[in-house]
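Labels A, B, C and D are assigned to the chains in the order they are written; within every chain, residues are numbered from 1.
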Amino acid sequence: MIAHAALLVLAIILPAAGVVLALAAGGRGAERVAMAVIAGGAAIALAIAGTLWTTGAPLSYVIGGWAPPLGIALRADGLSAFLLLTSALVIGAIGLFARATYVQPAGTPERRAPLVFWIMLMGVWTGLNAVWLAGDLFSLYVALELLTFSAVPLVSLEGKPETLAAALRYMLFALIGSILYLLGCALLYGGYGTLDIVLLSRLARPEPVVFVALALMTAGLAAKTALFPLHLWLPPAHAGAPAAASALLSALVVKGSFILTVRLWFDALPGIAGGGAAQFMAALGSAAIIVGSVLALRQARLKLMIAYSTVAQIGYLFFLFPLAGAAGDWERLAWTGGIMQLVAHAVAKAAMFMAAGLIGEALGHDRIAGFAGLGRSLPVVMFAFGLAGMSLMGLPPSGGFVAKAMLLTASIGEGQWWWAVVIMIGGLLAAGYMFRVLTPALAGGAAPVILAARISSARQAIVLGLAICALLLGLMPLRPSALLEVGRTMQAAEVK
Amino acid sequence: MMLVGNIATVVLVSLGAVFFLAGTVGLLRFPDSMTRLHALTKADNLGLGLVVLGLLPQVDSVPGALKLVAVWVLTQLAGATVTQLVARAVWRGGGRS
Amino acid sequence: MTPATLYGLCSAVLVGAGLYGALVNPQPLRKILALNLLGSGTFLLFGVIARRGAAAGLGGDPVPQAMVITGIVVAFSATALAVALLLRVYQETGRTTLEQPAPKDVV
Amino acid sequence: MSLAVLADAALVLLVLGLALWINAASRAFPAVVGYVAFGLLLALAWLRLSAGDVAMTEAAVGSGVTGAVLIAASVRLRAAETEAPPLAAAPPALPLRLLALLLSGLVTAALAGLVLWTTGPAPSLADQAVQHLPGLGMGNAVTGVLIAYRALDTLLEKVVLLLALMGIWSLAKDRYWGGIPGPSRIQPTNGALILLARLLPPIGIVVAVYILWVGAAEPGGAFQGGAILAAMWLLVMLAGLRDAPAISRPWVRLCVTVGPAAFIAVGLTGFALPNGFLSYPDSIAKPLIIAVESVLTLSIAVILGLLVAGPPEQEP
C-alpha cells in the first residue's frame, strides 16, 4: 500500500519538477518536459483512481513521516480521484491542442510565449493536484497561490493592454481572497492548534472563532471562484487570454478554490455552517446563474459569451451546499450531481474555449454576428461546439444533463423545489445563448464563410474528442457514484 | 566591577538617548533639508555610538561585543551614504526641502 | 492586558485598515500597499497565536511562526508580480486605472 | 502598568498610526517610504512576540526587498499621479465607501472580539516541534518546521517563487525576451553610493553565510541569508557598477533552479528511507539539511534580486 500512497506525492511533485526543469532547460526543452509531464501525470491520476476503485478505500501519505498535527498528510478520497482524472484529461487535451500555437522552432532564439505557456501549464497542474490532495489548510493556501501565480501570467500572455489590465484586476481580487483565507487559517490554528482537515473535523465545535474563520475563508474563496457578486474580474480575464489558456482557467483554475470551499464546509468543519448559510450560498449561485446567463446572451463576442457562461455554470456548483450531505439518499445524489456538474463543465468548457479559439483563428475575429454559414466551413469545430453546448444546456445525453438532473431530483426530493426552478430557468437561458451562436452557423441557406486561415484536422480532432468526452459523461447512471463515495466515512456508517 | 559597568551603561545609554532626542527635535523643527540632515546624522553618529558603547559592559562574550560594534559601523556606513544621496538630491532640486 | 493581547488588537485594526484601503483606494499601487497592510495584520495574528502557544522553553509556537515566514515570502512575490503588471499597464496605456474600456461590444 | 507594556503600547500606536497614514497619504511615494518604516517597526513587534526568525524575515523581505520594489514603482508612476480621471482612477461613490467601511469595521470588531475573548494559553505544537529536533541535529525549531515537519510547504513555496519570477519575465515585450531586466543603470552615479556598493557586499556575504549557518540553532536560515545576499546584489546594481544579467544567460537559469531542484531531489531520495518523501537519514540529517539550505540560499538570493529587477527592458 505504501507504494500506492507514494503516488499522491508524485502527482504534485511531477508537475512541480516539470516547472523547475522546463525553466532550467528553456527553449525547446520546455515543451518536451511538458509533454513528458502530461504523459506521466495522466498515468499517475489513472493509477490513483484505479487503486481507489479496486480497494474502495481512501489513500493517505504522511510527508517525511511527520504525522499531523506537526506534519502534513496528503489524502485522496473519491472526490480527489474524480478531480485528478478530470484535470489530467483536460490538461492533456489543452497541452496537445496548444502544441501548434506555442512552438519553439529549432535553432531559433528562445521565444517568450511558448516558454511561459508550458511552464504555467505545469504550474497550474501542480497547484490543482495540490488542492485535490493536500490535507492541511495551510498547504492548501500555498496550493491556491500556486494557482494564482500561474493563472495570472496566462491571462496577460499576449501582452495586449486590455488583457494586462484584466490580469492585474484578477491578481488583486485573488490576493484579497487568499489573505482572507489565510486569516481564517490563523483563527482556526489559534482555536485548535492544527490545520489538518481530519483533526479539525474532530475538534471544531460551533463557537465564535469557527464562525468568523469560516465566514472569512468562504468570502475569500468566493472571490477566487468568481461567485456572484464577486465575478467582475472573470469575463475580461478569461475572454482575453489565448484560447488554450482560457480553457485552462475556465475549466479548472476556478474549480480549485471551489473545491477548497467544499473541503472546508463538508470535511474540515462539517455541520458548522447552518442551513441559512447554505441557502445563502445557493442563492448567490442562483443569482450567478441568472445574471451570468443573461449577460452571456447579450455578448457580441464569442469568447466573452463563453466567459459569462462560466460565471453562470459556476453558480450550479453552489447548490451543493444546501442539497448535499453525507447522509440520506437525496443528499448523496446531490453530492454526485454537484461534482458531476463540475467535471462536465470542466470538460465541456475546455472544448468550447478551444473551439472558439479555432473559430477565431479561422475567421480572424470572434464576432457572433459574422458566424452565418460557419457550419459549412468548419463542420467539425461547430459540431464539437454544439456537443459541448449540450452539456451546458443540460440536454440528454450529456454530462451536464446527468449532473443537472441529479441536482434537480435531489432538490425536489429534499423539498427545496425553488432550486429546481432556477436550474430549469438556467437551462433555458443556456439554450438561448447557445442557439444564438448555433442557429446562424448552421443555417442551411447561407453560403460557406471564406476562412482566413486553415485549421489542422488534428487540432479539430482534439476539440471534438474532448466534446465527445463531455457527452460520454452522460452515460453515467443517475445514481450516487460508488467511486465518489470512497472516503466519505460518515456516510458509509449511515448506510450500514 | 559589575557596578562600574552598570553605571557606565546607564550614563552612556542615557547620553545617547539625549542625542537621539535632540536629533529628532531637530528633524521636526529645523527649517530646511540640509539642517535636518545635520540633526539626523548627529543622532546616528553620536547617539547610536554612545548607546553601543554603553551596552558593551553588559555583553559577556567577545563575539557579542563585536556584533554590537558591527551594528554601529554598518549604520555609520549606510547613514553616511544615504545622507550624501539625500543631500545631493536636495542640491539638485535647488536647495528646497 | 498582556502584550500578546495588545498586539492582537493591533493586528485586528491593521486588517481592517488594509481591507478598507484595498477596497476603496482607486490607485492600484495604493491598493497593493493596502493589501500588504492586510497581509501584515494577518501575519501578526499568527504571531500572537504563536506567542500564546509558548511552551517547551520556546518563546512561541514555531509552527505558526514558520507559516508566517512562508507567508511573507509569498506576499512579497505577489507584490512584485502585481507591481510589474501595473507598470506594464501604465507603459502600454498611460493609465493607472483598472476600469475596463466601455463595453462597446454588447448587443 | 509596567515599563515593558508601556513600550509595547507605544510601538502599537506607532505601527497603527503609520498604517492609517499609509492609507491616507495623498501621494504614493511618501506612503511607500512610510511602508518601509512600518515594516521595520513591525520587525520590532515580532521581536516582542519572541519570533526572531520572523522579525528578520519581515525586516529583510517584508520591509526591505518589498520596499525596494514599491519605491521603484512609485518613482516610475509619479507622473501618473497628477493625472485626473479617466487616466487615473476615481474613488468609489460614497455609499460604496461606507459599505467598505462597515465591512472592514465588522472584520476588525470580530477579530478584536476573538482576541479579547480567548485569553488563555493557545493550543501549541511547540512541545512536539522541540521533541524531534535532536534527531534532525537542529536547535532552531522554526528551521525544523520549515525544512522538515512542513517541508512540503517550503518546497511548494519555492515553486511559487519560480512562477512569480516567470510571471514577471512574461511581462517583457517579445523583442526584449532574453534581455536585461530593467532600464540600464550603468552610469556615472554618486561616489558615496559606489563606495558603499564596494565596501558592503563582502561584509554582507559574510553576514549572509553566518545567518544561514546559525539558522540551524538560532534565528536565521536560508531565507534571511538569501535576502541579505539579494540586497547586496541590488546595491551593486543600484550603484551602477553592474547591470542585472540577461535572463537568457545559462548561469541565471541554473542559479534560480538549482535550489528547488536540489530540494526536490533530496526529497525524492527520501523514498529510499523508511519515512519516505522529504525525510532525512538520521546519521547525516544535519549536513544534508545544511547542504540543501545552502543551495536554496543561492537560488533565493538570485530569484529575489531578479524579482526586484523586473522584466527585461533591453534587447539581449
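The criterion applied here is as follows: a residue touches a chain if its C-beta (ideal position, glycine included) is under 8 Å from a C-beta of that chain, and two chains touch if they have at least 3 such contacts.
Everything quoted here is computed from the prediction, not taken from an experiment.
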{"item": "Chain pair showing more contacts of the two, A-C and A-D", "value": "A-D"}
{"item": "Approximate Å spacing (C-alpha centroids) for the pair chain A, chain C", "value": "27"}
{"item": "For chain A paired with chain D, centre-to-centre distance based on mean C-alpha positions, whole Å", "value": "31"}
{"item": "Mean-CA-position distance for chain B and chain A (Å)", "value": "57"}
{"item": "Shared-contact residues (touching 2 or more other chains) in chain C", "value": "15, 19, 28, 32, 45, 48-49, 52-53, 61, 63, 67, 70, 74, 77-78, 81, 85-86, 88, 98"}
{"item": "Residues of chain A touching at least two other chains", "value": "70, 138, 142, 145, 149, 152, 156, 159, 164, 183, 187, 190, 193"}
{"item": "Where chain D touches two or more other chains, by residue", "value": "107, 111, 122-125, 129, 149-150, 153, 157, 160, 164, 167, 171"}
{"item": "Chain pairs that touch, as defined at the top of this document", "value": "A-C, A-D, B-D, C-D"}
{"item": "Interface residues, chain D side, partner chain C - complex", "value": "4-5, 8-9, 12, 15-16, 19-20, 22-23, 28, 31-32, 35, 38-39, 42, 45-46, 48-51, 53-54, 57-58, 61-62, 65-66, 69-70, 73-74, 76-77, 80-81, 83, 85-92, 96-97, 100-101, 103-105, 107-109, 111-112, 115-116, 119-127, 129-131, 141-142, 144-146, 149-150, 153-154, 157, 160-161, 164, 167-168, 171, 223, 304, 307-308, 310-311"}
{"item": "Touching residues on chain C, where the partner in the complex is chain D", "value": "1-21, 23-30, 32-34, 36-37, 40, 43-45, 47-63, 65-70, 72-81, 83-88, 90, 94-99"}
{"item": "Chain A contact footprint on chain C (complex, rising order)", "value": "15, 19, 22, 28, 31-32, 35, 38-39, 42, 45-46, 48-49, 52-53, 61, 63-64, 67, 70-71, 74, 77-78, 81-82, 85-86, 88-89, 92-93, 98, 100-101, 105-107"}
{"item": "Sites on chain B touched by chain D in the complex", "value": "74, 77-78, 80-81, 84-85, 88"}
{"item": "Of all residues in chain A, those that touch chain D in their complex", "value": "2, 6, 9, 12-13, 16-17, 19-21, 23-24, 26, 61-66, 69-72, 109-113, 115-116, 119-120, 123, 126, 130, 138-139, 142-143, 145-146, 149-150, 152-153, 156-157, 159, 164, 183, 187, 190-194, 208-209, 212, 216"}
